[in-house]
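The next block holds one structure in the form of structure tokens; read it before the comments.
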Amino acid sequence: MKTAFMTKLRSNKALKSNLITFGMVIIAYILMEILMAAGVLSNLLKGLLVPLCVYAILAVSLNLTVGILGELSLGHAGFMCVGAFSSAFFSKCMQEAIPIAGVRFTLAILIGALCAGLFGILIGIPVLRLKGDYLAIVTLAFGEIIKNLVNILYIGIDENGFHFSTKSSLELNMSENGKIIIQGAQGITGTPNDSGFTVGILLLLITLFIVLNLIHSRDGRAIMAIRDNTIAAESVGINITKYKLMAFSISAALAGVAGVLYAHNISTLTALPKNFGYNMSIMILVFVVLGGVGNIRGSIIAAVILTLLPELLRGLNDYRMLIYAVVLIAMMLFNWAPSCIRWREKMTYWLKSKKPVKNSGKEA
Amino acid sequence: MSFVKYLISGISLGSVYALIALGYTMVYGIAKMLNFAHGDVIMIGAFTTYTICSTLGMSPAVGVLAAVVLCTLLGMGIEKVAYKPLRKASSPLAVLITAIGVSYLLQNVALLIFGANTKAFASVVSFPALELAGGAISVTGETIVTILSCIAIMICLMIFIKKTKAGQAMLAVSEDKGAAQLMGINVNGTIALTFAIGSALAAIAGVLLCSAYPSLNPYTGSMPGIKAFVAAVFGGIGSIPGAFIGGILLGIIEIFAKAYISSQVADAIVFAVLIVVLLIKPTGILGRNIQEKV
Amino acid sequence: MALLEVRNLGISFGGLRAVDDFNINIEKGCLYGLIGPNGAGKTTVFNLLTGVYKPSEGIITLDGKDITGKKTIDINRAGIARTFQNIRLFKELTVAENVKVGLHNHMKYSTLEGILRLPGYRAVEKQMQERAMELLKVFDLDQEADVLASNLPYGKQRKLEIARALATKPKLLLLDEPAAGMNPNETQELMDTIRFVRENFDMTILLIEHDMRLVSGICEELTVLNFGRMLCQGKTAEVLNNPEVIKAYLGE
């Protein structure tokens, strides 16, 4: 049995690569836990652990749309927003009804994922038939719309049931025992703090499991065929709409999961431009491109490095975002500019030629 | 009466969007890239004028001129350093992300120099307000100058494209870069000129925007930049008259949405209109439908 | 009853009549050629047959079933597969994966089985691997199974495209200029391959070609197209000797 697995492993590059990715995450987790237990981790870093998981999940899920399906989406934060608010709403409502945090949080995750995935389908149906840049701008538009709509939402609950309003909390007309859950621009306060580093890593591993297994399956091949040559995919009988929607909605649902993790890690959940607007969507896109479009492991690494970078540069205070921007531009040029690629190849060749030539047993 | 007032206000805001959208659409049509940093160039233009006029106390004319010159050089510089090396990159996403990096860079440079506090921008327009309909409607000087500038620039641009060699070169490069090069057109120079013109327009847009809405901080250019991008796509990306129409329409829709529905959802409504238009006509109002050859 | 029956097929693009009154009968097992000068409308006919374009007039019947105006994927399901004038491979997928995409509609397991790696996934993936390798062996591509499709030399890319089309188990195979860009040796090899496919896959083949050696070498019947209209139709030798046909190709 073991030999069969080892043979399969040696011959299966994909399996090897996936195991490395999982291993990398698990090792990072163990390392962090050890550092935390040893009291070595600063408060700053401790506070970043859950956000790192959130951004990693966002990057991996966006890569499913951008790298595997091949469509540019600039509204990923919108799905995160749906997941965050739907799950926070549920958790806050059910705080007394389901006192066991584990059960309640698991349900919250499912609800967040489901709502986000549903939005993915609803938005995907009209949007996915647009071409390239038009699709990008429409996804951006939807992301902004979702953020704006959440900001005018007022929902409260009292003994008569739920009350909705889009104007103010007074319009809810609730009785004295009424509790406001979503308060317009002030969002949701008092979401139970169910998130944690272990939970975050677990969710990241589940995300990886879903995404990597999808890619290396029949459906994943269909999705990539659509990316590589839509017309040819159609000619061999692939249902383009079905698979575009599949990739897009799974990507959205996973973004929703990231939103759930995010929402249950902060005390006040509000929809601001910087956390659910196009700025966030763009930031995640940067992670995806820098990590390698289609490279799932790269997305995680890029998300971690680019999130830690501004924090580690805190010593440089005012200049840190400037340096971040310069580093970003420099890395893009270094990795993608043909002139730089040629320079790198020359360097590699030059370095290799400096190594002593092995005596290959030539005849005397 | 207020309908007319809002309409004029919308056309004015739309003119600003049109000026920014023109830069976006020209760069997209000719260099085939989405210059995400474009919105921040308008912010730089506005800050330049602010520094020259409010801090150094010079005349508005000098301020505007300085903004145009600086932004033109800035735009050409960014193109040469950050975008040109990636022109032949394996993926168009590369230059898009770099543009995002440039956007962050411009915002943070402004943040370092001017701080995050919102400054009060002194209008560069000394045109008197116009009283229409017997005093019932008052149109500010800024509004008039903005609309007139936009129209004038549009006309100049169309003449430039149709009548000058450089303009025709731009058309050629936007159609087929390779063929244009083979015909002896200086593609690098044409693209540099495109960025120069686009950035100059951005500077003017920045100055006019802040004259009408006098608050200025490092992030002032971001949202108008996005909206102008939406306007360019709305009108048909790559089309100059499309950018103009898209910008004006967007401004009108935004002002009316703020006035008649709610200022909080005005943005959402603008974006919703865009979505509806694109679903009906996927290549924008004046966009061309290029069929992929099977 | 012929496998493919086309009556009065036509399409206009704006003011241009691209294909007009096209009629053809292809018997099962036949090796049929569609020839004509460049721009005659041959690929347009292919696009009409495969649902890329919707005809303005005409009826297309495959094995007795009306497939006029149907969508590409339904036509593929009904039994027509094609290759393209400019090779359309899935560039970032391997050779074997390209073929497996062709097997998509014939070897299935659900999305859930795939994500959760249930036994259904393992069993069908094994079948797909075996079937893909079988097909690749026919085209002598089995050694390159794990090579990225974009890294194959041109001639092999063409063969891969044919292998992928065959994976969809068609009744009728449409080849659009399969010999384009090939030298005489490669063309000879292609001719043998096409004959092999017809014999061993029980296939009916309609091909567009400019290479007259290939056309006269393997096609049994021909239709000549010029300016969207049929010029001549019949047995290969007769058609190729027809003075009108010669005039269309070589001028006065």
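So that you can tell them apart, the chains are marked A, B and C in the order they are listed, and the count of residues begins at 1 in each.
Assume a residue touches a chain if its C-beta (ideal position, glycine included) is under 8 Å from a C-beta of that chain, and two chains touch if they have at least 3 such contacts.
Note that the coordinates shown come from a computational prediction; the quantities given were computed from them, not determined experimentally.
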{"item": "Geometric centre: closest chain by C-alpha means", "value": "A"}
{"item": "Reference chain B; chain at largest CA-centroid distance", "value": "C"}
{"item": "Two chains joined by the most C-beta pairs in contact, as defined above", "value": "A-B"}
{"item": "Chain centre separation (chain A, chain B; CA means) in Å", "value": "32"}
{"item": "Separation of chain A from chain C, taking each centre as the mean of its C-alpha atoms, in whole Å", "value": "42"}
{"item": "Centroid spacing, where centroids are CA-atom means, of chain B and chain C in whole angstrom", "value": "49"}
{"item": "Where chain C touches two or more other chains, by residue", "value": "52, 84"}
{"item": "Shared interface positions of chain B, touching two or more other chains", "value": "294"}
{"item": "Chain A: positions in contact with at least two other chains", "value": "231"}
{"item": "Of all residues in chain C, those that touch chain A in their complex", "value": "50, 52, 72-73, 76-77, 81-82, 84, 88-93, 97, 100-102, 104-105, 107-109, 111, 114-117, 121, 124-125, 128, 146, 164-165, 167-168"}
{"item": "In the complex, chain B residues that touch chain A", "value": "28, 34, 36, 82, 85-86, 88-91, 93-94, 96-98, 100-102, 104-105, 108-109, 111-112, 222, 226, 229-230, 233, 237, 262, 264-265, 267-268, 271-272, 274-275, 278-279, 282-284, 292, 294"}
{"item": "Residue ranges of chain C in contact with chain B within the complex", "value": "43, 47, 52, 84"}
{"item": "In the complex with chain C, residue positions of chain B that touch it", "value": "294"}
{"item": "Of chain A, residues touching chain B in the complex", "value": "66, 72, 126, 129-131, 133-134, 137-138, 140-142, 144-145, 148-149, 151-152, 185, 231, 278-279, 282, 285-286, 289-290, 293, 318-319, 321-322, 324-326, 328-329, 332-333, 335-340"}
